[in-house]
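The same chain A turns up in both complexes below, where it pairs with chain B and then with chain C.
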Partner chain A sequence: MTALTGGFADPAIQSAQGFRVLMQAMARPGTIHDLALAVPPAPLGRAAGTVALLLADPTTPLHLAQGHDAIRDWLAFHAGCPLVGPDRAALALGRWDDLLPLDRFAIGLPDYPDRSATLIVALDRLEAQGARLTGPGIRDQVSLSLPDIAPFRANRALFPMGLDFILTCGDRIACLPRSTVVEDA
Partner chain B sequence: MDPRRKMPAKAPPPNERRDWLSLMARSAPDRLARVLPDLPDHDLLRAPETGNVMVQGRVSATGAPFNIAEMTVTRCSVVLSCGTVGHGHVQGRSRSHARRAAVIDALMQTGAAATLTPQLRAMEAEAQAATTERAAKAAATRVEFFTLQRGEDT
Partner chain C sequence: MSDYNFAYLDEQTKRMIRRAILKALAIPGYQVPFASREMPMPYGWGTGGVQLTAACLVPDDRLKVIDQGADDTTNAVSIRAFFQRTAGVAVTTATTQATVIQTRHRIPETPLTDGQILIYQVPIPEPLRFLEPRETETRRMHALEEYGLMHVKLYEDIARHGQIATSYAYPVKVEGRYVMDPSPIPKFDNPKLSDNPAIQLFGAGREQRIYALPPWTQVVSLDFDDHPFVASKADHACDLCGARDSYLDEVVTDDVGSRMFVCSDTDHCTTRRDAGHTGRLAEVAA
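Up next is the complex of A and B:
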């Protein structure tokens, strides 16, 4: 089959369902949710592809990290988002190592902190163990397997500016907004 | 489509696919159904969906573009069993019409184009004849205004 298959079969319903899951995940940082409504071509995972379709549209410039060239046509057809460099991107999509260094992305302005990038990160593992997360939306604390600690701590120090992360692995997502405090376990 | 995308300043080069897509976009559903009554096997890439498109025009066809009005458009994308992708955008709200246009667009990129092309040509000729007839009827009722010599110049 072509590389264009695997979009939402019922865009209105599935977008609403998926967005609900995404909002819940962002409201409860560090909790793992199932989100696999789209079936993007390899190497993109189902959760990462679904988030991309939920958030990307012609008004959101997206930075596609290297190694994901195979999904350019798929994104263009289903999302219609312009593909840009990291400095102008509202969304970024790729593996963690390919998205580094993070200082290439927009963190917003003191009076417009919303003009920042949201990173959709593909990880090899995503489990409820590892780094300790505290902050808004988290009762006591939660644990989440993060690829690194220091970049998230540096991002928290920029508050209210900074980046928001949507971590994906296969069919699962967990969110890490800029307000979350990350510490070693 | 991105509404900010400007129309090209010069006429684009001849493009057969653009021509048949344009013809099908303006066709009537029952007329296109006579071209291809039975659809071959295909899968939907994008199910038929209806939306609005802002139509742009130019004063005297060469001036600055301006927005005329929004029109209702239904679009659909399909992939044939051979892997060929077809897109259909048609005026109106007929989902089956958009789907048929997408399938014909895909078939026109395959060997089936040889049988479909004469039928589309015939459809184009009919459409052209209808346009000419309507223009002729309108021309018959046309009133020319011109200024006769006015009093103060004499």
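Up next is the complex of A and C:
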């Protein structure tokens, strides 16, 4: 595995197919989807690597959390995104514990709540059980294993500002946009 | 196809639009700015919708394009052909068969399903524009939820006409937060915006805005306790298929002013007639 391999073999088509999965996941918070089109170096999982390549490019400053230095060159080659500190990041990538505290990231402005960071989070576990999620995109309610509850509740309280989360584990993703209400099961 | 970018736009442009779509889905009803690109068609042809469609399509999609409910207008035919050529997708006129539907000014009569994507062409995305032309001000009004002026405008309608005269692009409130322009659909279609299993995306090319409704989002048409919203339509049945519950266009049929009412949704009307339903003038029209 080198920095030069493991990107999209057919970028236009795989980007389109990958985005469709990501869009469905963001539109239906808490639902789990398979997404493994890229093969990044360890420790980054295939889903997290795929999301990074779908979203990152030279126009999107990305914060790489500690412990992921091994993928620095891979990102530089395949995405070309500048690596920055958390406060300037449009995207962030790393393990949950390494991304904390969340208040280092941009939550947008009252007039421009879209100017906020999207966090691509690597988790050890992602299953349809645990916290109860409700809100736009969710017909009744869904359950999702989350690494914590309070930070997501605090994030929802900022709405329409706030962070959007793309949770990944191995080959799977689920999204938790700022609009989702999170409660203990 | 290898001589073209997939779906016309280059990868970096599609990535930019895709990021905007995700933000729009995360903040339902909020207008996300995006850097609209020149498309090989005039703005009036729905370049905002075309760019959204380009960013969403995958090769195995089946695309439907409607213009005021019809699949066969020049605009609809051209956009469909454009994506057949640049993305190699299949096309259809059947609402039930489509995976992606780009629309100008209508929501199909046939209920949409889980997994479908409805993409609206939007001329003026800002519902507060005719009250306040300055964007810095309308952004502030949205930020502060200052929507009183909008209610005043609707109430002036009632004072002047005895009812709310706005019949197209009737403003809605999304999840109790953002007031949104649903594009110039007839207000008859407004109830279909809410609690819809499909993803709804709105694109304004000239105005460079994208906004969205995730599935099952609550969308309420603005109204008053003493003047509740009514999703009205012409009080007729379709003269071709007999439908009483579809939105109708009034068509002049000869030079002495004879008129008929027909479904604006041509797929809906055709499907009903194929199933044996007939209207008042079905024989004449055939």
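Rule of thumb we're sticking to: the second predicted complex is superposed on the first by the 183 of 185 C-alpha atoms of A that agree within 3 Å, B and C clash if a C-alpha of one lies under 4 Å from a C-alpha of the other, contacts with A are read in each partner's own complex, and residues count from 1 in each chain.
Going forward, a contact is a pair of C-beta atoms (placed from the backbone, for glycine too) under 8 Å apart; a residue touches a chain by one contact, two chains touch by 3 or more.
It should be emphasised that the depicted structure is a prediction, and the values quoted were computed from it without experimental measurement.
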Inset, instruction - Based on the superposed arrangement around chain A, label chain B with chain C as either clash or fit. - result: fit
Inset, instruction - Examine A:164 and indicate which partner it touches, taking first as chain B and second as chain C; both and neither are also allowed. - result: second
Inset, instruction - Kindly classify A:20 by the partners it touches after superposition: chain B alone (first), chain C alone (second), both, or neither? - result: second
Inset, instruction - See if chain A has more residues touched by chain B or by chain C, and give me that chain. - result: C
Legend entry - Following superposition on chain A: angle at chain A, chain B versus chain C, Cα, nearest 10°: 90
Inset, instruction - Pick one for A:179: touches chain B only (first), chain C only (second), both, or neither. - result: second
Legend entry - Partner chain(s) touched by A:11 [first = chain B, second = chain C, both, neither]: both
Inset, instruction - Give, as a whole number of angstrom, the minimum Cα separation of chain B and chain C in the superposed three-chain arrangement. - result: 9
Legend entry - Residues on chain A lying within both footprints (that of chain B and that of chain C): 11
Inset, instruction - Provide the residue numbers of chain A that touch chain C in the complex, in ascending order. - result: 11-13, 15-17, 19-20, 22-24, 26-29, 54-55, 57, 59-60, 110-114, 116, 118, 135-139, 159-160, 164, 177-179
Inset, instruction - Over in the complex, which chain B residues touch chain A? Could you list them? - result: 2, 43, 45-47, 49, 77, 79, 83, 85
Legend entry - Partner chain A, residues of chain C touching it in the complex: 5-7, 11-12, 14-16, 18-28, 30, 32-33, 55-59, 115, 136, 139-140, 142-144, 175, 177-178, 197, 199, 212-218
Inset, instruction - Under the touch definition given earlier, write down the residues of chain A that touch chain B in their complex. - result: 1-2, 4-5, 7, 9-11, 58, 77-78, 80
